[in-house]
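The structures come next, written out as structure tokens.
Shared between the two complexes below is chain A, which pairs with chain B and chain C, respectively.
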Partner chain A sequence: MARQGGKAAAGRAAHPAALSVLSVLALLSLWEWAAGGGWVREAFFPRPSSVVAQFVVLVRDGTLASHLSATLTRVAWAFLVAALPGVAVGLTMGVWRGAREALDPLFAFVYPIPSVLFLPLAAFVLGRGEPARVLTSAVTSFFLVAANTLTGVRQLDRGVLEAAVHYGATGHRLFFKVLLPGSLPWIFTGLRLGLGFALIVVVAVEMVGAEQGLGSLLWLSWQTLKVRDMYVTLLVIGFLGLGATYGLERVRERLLPWQPRVEVRR
Partner chain B sequence: MAERAGGTLPTARVRAEATEAKVVVRGLSVRYTSSRGTLTALEDISLSVQAGEFCCVVGPSGCGKSTLLRVLAGLIPCAEGEVRIRSDGPQRPLTAMVFQDYALLPWRTVLDNVAFGPENRGVPRAERYRLAREILAKVGLSGFEHAYPHQLSGGMKQRVGIARALANDPEVLLMDEPLAALDAQTRNLMQEELLRIWAEFGKTVVYVTHAIDEAVLLGDRVVVMTARPGRVKAVVPVDLERPRTLEQKGSAHFARLYNEVWQLLREEVSAASREAGGG
Partner chain C sequence: MTGAAARQTLRAVRVDARSLAAAGILVAGWEFLPRRGLLNPAYFPPASQVVAALAEGLSAGELLPHVAATVSRLLVAFFLAALPGLGVGVAMGLSGTVRRVADPYVALLYPIPKVALLPLMLILFGVGERAFVLTGALTAFFQIVVNTMDGIRQVDPTLVEVGRNYGATRFRLFWKVVLPAALPGILTGLRLGLGLTLVTVVAVEFAIAKSGLGHVVWGSWQTLTTPRMYAAFVAVGLLGLLLTRGLKRLQDRLLAWQTSVDVW
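Right, the complex of A and B next:
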């Protein structure tokens, strides 16, 4: 694309990316220099180079792998538990006014509650095990997926709906050939946000109550003052979020070729 | 659908078998009731359209010409009066509509948009694609089968809209200001295209527009409607020679017809704008 798009286009595309990399490098260098020169306390802000070294250590001894896999498993389950009913409930609310009116106040009430607070509640019902952790991590994601799916159905153009009905799309055909494909862009937005929130809440839940997982590693490192381990964990969590967002974005571009590309111009 | 006798909609839009005009509208009124009172959109409309006729309907904004088309399409039930559409093939849909804002399904390719009507009627895949390709070729869209609507210009989108309607092989083709969203040059080109396509398919057409020149150029007759509530004010026969071309717009005969329609429409337009200004 950029390779054949002429020098000007390639230059414009490369420029902001180069700036982003430069700004990160500049920050890290400043940090490295400040920590090395004793300007900030290395006990709290260890040099980036030493954090990278510790990262290698944690990868080699398998610590990171076991915590990472525990977290990833929980995120996958939480995402699944949130996404499937989320889409179903969102679609139902979109097409059926009764469901919309019945569930709206519940959504407005439950959605803003920080999901970690559901952990004790879930533990009452499911016991203090994985199911309670997964369910807790799924709550906010479920609402995000459902709310975006609902918006997707409601924002469908009335003229397009009228035309679809006029050309014979009624009943199940209206649902599967019009409402569902038409709301897919919004469903995807919901899924992307939902995946991000599943990661956030899983880590939070692990901090409060789990023996394995990046959240518990982070908490443990802080309590035992293994500051470098803490930074390594933070980095890994950050990159997980980054990967999830960009990964789903690629999937969306593949699955929804009919959407005009949104080009962000700044 | 509305055309099924004893259907759920309280409508008198019926599939007629008797040999009469292709479309017969008798004493049709449409009223909307809301908390602020009753609004009469159409009042006592009577109209017939012969098979193969190109019938244009003009009127001031808000006179209910789109409503008339939607009643013909079965999208709005007609509570008063009746609409009879003669059916020459029991499997054929009574109407297919071309919409002003195209109303294409954005997630479907051009080919799948055109095949949408037959698909919903259960026409097998190979057959409906063959049909869609054939019609796309006739409206000048060969090579765009796999494009998505957002990749097309306005004129091309409306060609897709027309192809979609033709693919459904309706008894009557309904067109709701199909060229209104296009720029002037594209509109001229599309008027020629419509003349060519109409000659090729020989459909009965009811064509709503607010452009007098378009109505005179395309129509066999021009139905002039009054300001709200919409009634039929006059029907002007257009005896311009066929096949028609854009060049006829320059003729004295065309100008006479244009003026005749404009004189009929003039006081209705000012009545409509007075009403719009007053409330």
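Right, the complex of A and C next:
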């Protein structure tokens, strides 16, 4: 809150979402009117109503459902493949300095490489097929999860750790009762970012090499110049991204209501 | 004081030694496993071949144009996005009205994979540089908007209050109080924006462009010239390392009073 004038206070008194809703309605009707009147080319910017109509068509004939389920399945697998080792490696690096110092330069080098580039590598190992696509989509998410988990362990309050040790917590008790709960908020942040990134890479991978999935539907709609299909697909992907981000945030709020939101990216 | 400094140096040396050892083991494995036939050398050529391909590509100038293509796309996209991104971010941070009007679009478009916007750009602008660069620019734009807005909104209200009590005008309040306080968030947005734009640009090159490091990886994959593929891979890695670590260091230098938590 940088400015708190009287005008802003008055604006806040009205329903806060009203302006957002108005803004969307205004843009959509302007678009509808401009496209209908030929002010913008419908070949590029089809009327919103016709996009909605196309959405209904694609839902009815099952096209959207089959592509959506292909994408969701890949995202789920990629997320799993990234999350479990990511948390494990992050925790290991957090408690074991040797691992941290050995892996740090390697990770710093590999992490910024865009995941799509791993597709050829994954295909060498696993053959051109579904496992290669999933593995490719998991790479960046793995690093995000590991990085956040590592930070979570590292930022633990020394006092808490020492108290636990003094009260005789060792081994798995120290791990499960102190280390893990203490770093959970960070782990969740890593999972949230990782899920978002898995979606990004899955769509990219589908664009360059898959027969099914929202990314390939997008690519196909470009090649066949079906602009309405493209807008429908983009909308679905947008809401997926929205859901991935805010859905996990809700889960975190439910599970860790006492913890504030924390974040580290790169 | 000197003892502490010496200890710190010693520690840094030990860290470097460990890192070097780990990297050495990795490179040695990469060299010998393919040579012994434990890894298929057609797919995983020994490290020395990759280094040779990289050196040859850079000196013979075969790889250089692709590096230049990627870097120039990256920079053009970033600078196209930076000013509008900062402007919209500041406006959304300062004014609740602007924020409420723009929020639905940012909320929907920010989490969208920007590569997904490539087909739309291809339809709007045809297959060519404009479409490639704009797809990259959209990536940077939304990252910068979101971080700038957050940076400004997280400015401590007390600071603003104090500034106002000392009689600062709105203009001065913005330049002297709000902007410096929001600078860490803004710089983070610029840095993340540049890094993510590299991801998008390379993905675009991988998918459709006929030049750039992404295209080299794709092309060498199709023709199975794997040393060249890994050479491009390493080049992208170095570029990314430069962007993430280098800019991170620059940010820490610029904002010496601020320690940021960041990994990789």
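Simple rule for what comes next: the second predicted complex is superposed on the first by the 244 of 266 C-alpha atoms of A that agree within 3 Å, B and C clash if a C-alpha of one lies under 4 Å from a C-alpha of the other, contacts with A are read in each partner's own complex, and residues count from 1 in each chain.
One rule holds in what follows: a residue touches a chain if its C-beta (ideal position, glycine included) is under 8 Å from a C-beta of that chain, and two chains touch if they have at least 3 such contacts.
Only a predicted model underlies this, so the values are computations on that prediction, with no experimental measurement involved.
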Classify the contacts of A:63 with the two partner chains as first (chain B alone), second (chain C alone), both, or neither. neither
With the two structures laid over each other on chain A, which partner does A:106 touch: chain B (first), chain C (second), both, or neither? second
Per the contact definition in the header, classify A:256: touching chain B only (first), chain C only (second), both, or neither. first
Looking at the overlay, does A:160 come into contact with chain B only (first), chain C only (second), both, or neither? first
Winner on chain A touched-residue count between chain B and chain C: chain C
Of the partners chain B and chain C, which touch A:184 in the superposed model: first, second, both, neither? first
Using the superposition on chain A as set up above, list the residues of chain A that contact both chain B and chain C. none
Quick one: which bits of chain C touch chain A in the complex? Just the residue numbers, please. 14-15, 18-19, 21-23, 26, 40, 43-44, 93-97, 100-104, 107-113, 115-120, 122-124, 152-153, 155, 157, 160, 170, 174, 178, 182, 192, 195, 198-200, 202-203, 206-207, 214, 217-218, 221, 229, 233, 236-241, 243-245, 261-264
In the complex, chain A touches chain C at residues 1-4, 8, 11-12, 16-17, 19-20, 22-24, 44, 98, 101-117, 119-120, 123-125, 143, 147-148, 150-151, 155, 196, 199-201, 203-204, 207-208, 214-215, 218-219, 221-222, 225, 227, 230, 233-234, 237-239, 241-242, 244-245, 264-266
In the complex of these two chains, what residues of chain B are touching chain A? 1, 73-75, 93, 96-97, 99, 101, 103-109, 116-117, 120-121, 148-150, 164, 168
Applying the document's contact rule, which stretches of chain A touch chain B when the two form their complex? 157, 159-160, 162-170, 173, 177-178, 181-182, 184, 256-260
